[in-house]
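Each of the two complexes below includes subunit A, the first together with subunit B, the second together with subunit C.
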Partner chain A sequence: MSDSLSLLFAVLVFPGGLFALVLGLAIKGVDRRVAARLQRRVGPPLLQPFFDLIKLSRKETMVPAQASAFIFRWVPLVGLSAMALAAAMIPINGVYQPSTELGDLLALFYLLAVPAVVLMLAGSASGSPFGAIGFSREMAIMLAYEGPVLLALLSVAIRVGVGEGHLISLSLSDIVAYQIAHGPFLLDPWMWPALLTFLCFFPANLGVLPFDIPEAETEVLEGPLLEYSGPSLGLFKMMSAVKCVVVLGLGITLFLPGGPDGIAGLLVFAVKCTVLAVLGVTVVRTAMGRMRIDQAFYFFLKWPAALGIASLVIVLARS
Partner chain B sequence: MNAQNPSLLSRLSSKSPWLYRINAGSCNGCDVELATTAIIPRYDVERLGCQYCGSPKHADIVLITGPLTIRVKDKVLRLYEEIPDPKVTVAVGVCPISGGVFRDSYAIAGPLDNFIPVDINIPGCPPRPQAIIEGIAKAIAIWQSRI
Partner chain C sequence: MSTYKIPVGPLHVALEEPMFFKVEVEGETVVGLDITAGHAHRGIEYLVAKRNIHQNIVLTERICSLCSNSHPFSYCMALERIAGIVVPERVEYLRVVADEIKRIASHLFNVAITAHLVGFDSLFMHVMEIREIMQDTKESIFGNRMDLGANCIGGVRYDLDAEGRGYLLAQLDKLKAPLAEVRALYETNGSFLRRTKGVGVLPRAEAIRLGLVGPVARASGVDYDVRRKAPYVVYDKLSFDVQTLPDGDVWSRTMIRLREAIESIRIIEQCMRDMPEGPTTIDKTPEIPAGESIAKSEAPRGELIYYLRTDGSDKPERLKWRVPSYNNWKGLQVMLTGAKVADIALVVGSIDPCISCTER
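For the complex of A and B:
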């Protein structure tokens, strides 16, 4: 009983749900501020994403006449709950160890596909042609990035598994424990191809430049989100904030998991997330323009795929 | 909710006004001013929490430029209906007020406030960026009393 209660706490409050939401919104605030400073602007207040959410909760929700109302209303909640569950699977070293019942690296990887599927459903259920275009673009870019990033995840898992004496280790806790014992993979040049693949996956999964093709507001008017307003748009914003923490946390778990115990460990985790977000997302998105969907598709099947295969070969050859 | 003493949530909400632009047959002069007001570093309106949005469903403050031509009138009214309440309307430039240089044209359905309640007028042909920012700041004050 207490076990299921602690699971529920992990998913809803810490480190999933509430904690991940607040951290994700804070990271988004830093991201917007740093982006503005890089463009020599003043930028919004750091709490801007919180203001946006409060504002959206007080607006009117409109359901378009041609939309399928049930899916249109409920699908953002599916995405948010999937991300809260995924956030509970991310270990924070010295602070939080996820229960094995929540699932392993592969389960997390499939949960990470849920927001994309939710966006596709939202786009097609809204009955808008722009939503349909966003739907097809989201599907194309997801097909392109999932393969390479799976190769990167597998090479980390095999590296840890071989180091521990069996074939493959998909448990996130084992990956963290191995790196605590043998040094983080960030400092190991043989793991850099996997790291680079993961860095390419970042902006694509988070839907920011240069891979914000499905939600391009200047081309397809935010695509799947076009018809959403008020609180249901707020649910999408919350989903993307929590997803931001999940993806950043996954990167930290895979490549630089160390940290002190207690509150300091929590702070170190937040700082690592923010630094990774600024370097991996903000700088990239201010420096680059949007790619076309075909360019992004070929890009992922060319460079990240090649790096992923190279990293798998290196890990297998050195084991 | 009275205008003198807005609640905490209203005050926090009014820090996040999202802007939406409607071109009602404008000559593009005002649109260029709107674009430069938001985008160039010198007059950054994102510091007020503003953000241009692509979809009318996300909008809070709607900026309308142009004299409202007959051909575009129905589309503008439909777009206006698509914007969720509470919203504030800002007419940018002299055209939505009086028709401006196009006032005697057979192609004009305006002035705009015959069809849409206008909260703020920003006169000018085109208005200066400072005037636009002042107009947006006034619109935010009105919006705070509505949300």
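For the complex of A and C:
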């Protein structure tokens, strides 16, 4: 009983659910402000994502006549729940350890695909042609980035597994523990190909420039999100905020998991997330334009795939 | 693969003005295009016949915002031709200055929007910031950021004294360095080139067949500029290069605009140097007899033609103008066939369409 209660707490309040949501929205606020400063604008207040969410919650969700209403209404909730669960899998060193059955790298990887699937469903359920285009683009880019990033994840898992004396370790807690003992992978040049692959996956999974192709505003008018409004759109915003924390947290777990105990550990985690978001998202998205879907597809099959394979080969060769 | 239709417009985030395309796509490729016009029709050709010749200067200035100086300029030239008015030489120089300032602002606007359309918002902000130098200049010299109100029959409504000339030259100097920097960026930046090179290609033969004008035609290698082919006011005394590029893609059209903005700086500087002293308007109220005339000018988007017929009353009997976007519009059929969905807005933006001019 207490197990299931603590699981519920982990998914709904900390570190999933509420905590991840607040942290994710705060990171988005920082991201928007820093992006504005990089473009010599003033930018919105740091709390703007919270204001947006409050505003959206007070509005009405309009369901288009041609949409399939059930899927249209409920699919954002599926995405948000999946992300809340995924956030409960991310270990925060010194503060939170997911239980062994929860903290599994492959399960987390598959949960990370849920938002993309949700966007596809939302796009096709909305009945808008732009949603349909968004659907096909989302699918194409997902196919392109999933492979390379899986190679990067496997490199880390095998490296940790071999270090611990068995073939592969998929437990997130083990990955953290190994790096605490042997130093973070961020400082190990042999792991940099995996790191680079992960950094490429980052903007693609979070749907920001140069890979915001499925939601490209000037091309397909936000694609799958075009028909969404009010609380339903708010759910999507919450989903993307929590997803942001999950993906950032995954990156931190894989490459720089250390941190002190207690509240200080929480702060260190938040700071690491923010710094990673600014360097990996904000700077990248203000420094370049959008790729076309075919260009992004070939990009992923070229560079990140090559880096992923290189990383796997290096890890296998050195073990 | 089955085809389906997507609507682009009439209200679309990527288009500045209402324009409606029914695009037939197969996957991500455009296979058919149907352009529907008429969303910005305000009946200005009718209104013109209801107002007297002086009121029409104000009205024609409001046909469109980015080429707002070209319209009253051409209208005044057409009127002066009917009345046989010879404007003082200083007026001709001042008219060139006003027109070229508008050209720089208009071209930079389109160049910025092109960056926005490929998702490069930082570059968009940067170019708009540079353009702000020109907007400030307009506000300081003419009192307005968009509509200059520079023209009147037989003259101009502003003058540049020594202080004004110094200010204008200083502003242009301020513009030069960032403009060169931006030009280098547009020529070399990978993420911009990736999206614009070889996109929306209009071959030279097609440009000639469809009668395209302005930067769009020049980007396809058609060496046609009204300022050179049929010089009006003092353009025959000024030295400037007509910019052309051979490829006819979105990138070429953007580069043509950037280069022309740089040429315009040269033109204004020559005007500042060569402008003679003298009156800025004729000193009598013009009498407009019955007659008809045609005036042509090079608006930022290309050749603008005004046809005017008067019957001796104070109202024009007929005023008809053909705007450059009307010709360039047809080029879209060629450019968009086989384009990707992602490039529709980009290609449309690259002809710098002026819907409110075309539909008035």
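FYI, the second predicted complex is superposed on the first by the 318 of 319 C-alpha atoms of A that agree within 3 Å, B and C clash if a C-alpha of one lies under 4 Å from a C-alpha of the other, contacts with A are read in each partner's own complex, and residues count from 1 in each chain.
FYI, contacts are C-beta pairs under 8 Å (C-beta built on N, C-alpha and C of every residue); 3 or more make two chains touch, one makes a residue touch a chain.
Small disclaimer: the values here were computed from a predicted structure and weren't measured.
In the superposition on chain A, A:P45 makes contact with subunit B only, while subunit C stays out of contact range. Contact with subunit C, but none with subunit B, is seen for A:S136 once the two complexes are overlaid on the shared chain.
In the superposed pair of complexes, A:L221 makes contact with subunit B and with subunit C alike. Of the two partner chains placed around the shared chain by superposition, subunit C is the only one that A:R290 touches, whereas subunit B remains out of contact.
Using the contact criterion defined above for the overlaid structures, shared-chain residue A:A113 touches neither subunit B nor subunit C, since it reaches no partner.
In the superposition on chain A, contact is made by A:L209 with subunit C only, not with subunit B. On subunit A, the surface patch touched by subunit B in one complex and by subunit C in the other comprises residues 39-41, 217-218, 221. Taken in their complex, subunit B has these residues touching subunit A: 9-10, 12-17, 41, 44, 46-47, 49, 52-55, 57-58, 60, 82, 84-86, 147.
On the subunit A side of its complex with subunit C, the touching residues are 38-41, 129-130, 132-133, 136, 209-210, 212-213, 216-221, 286-295. Within the complex formed with subunit A, the residues of subunit C that make contact are 4-7, 12-14, 25, 27-28, 115-123, 125-126, 129, 190-192, 194-195, 340-346.
On the side of subunit A, the complex with subunit B involves touching residues 32, 36, 39-45, 48, 50-52, 54-55, 58-62, 217-218, 221-222, 225-230, 233.
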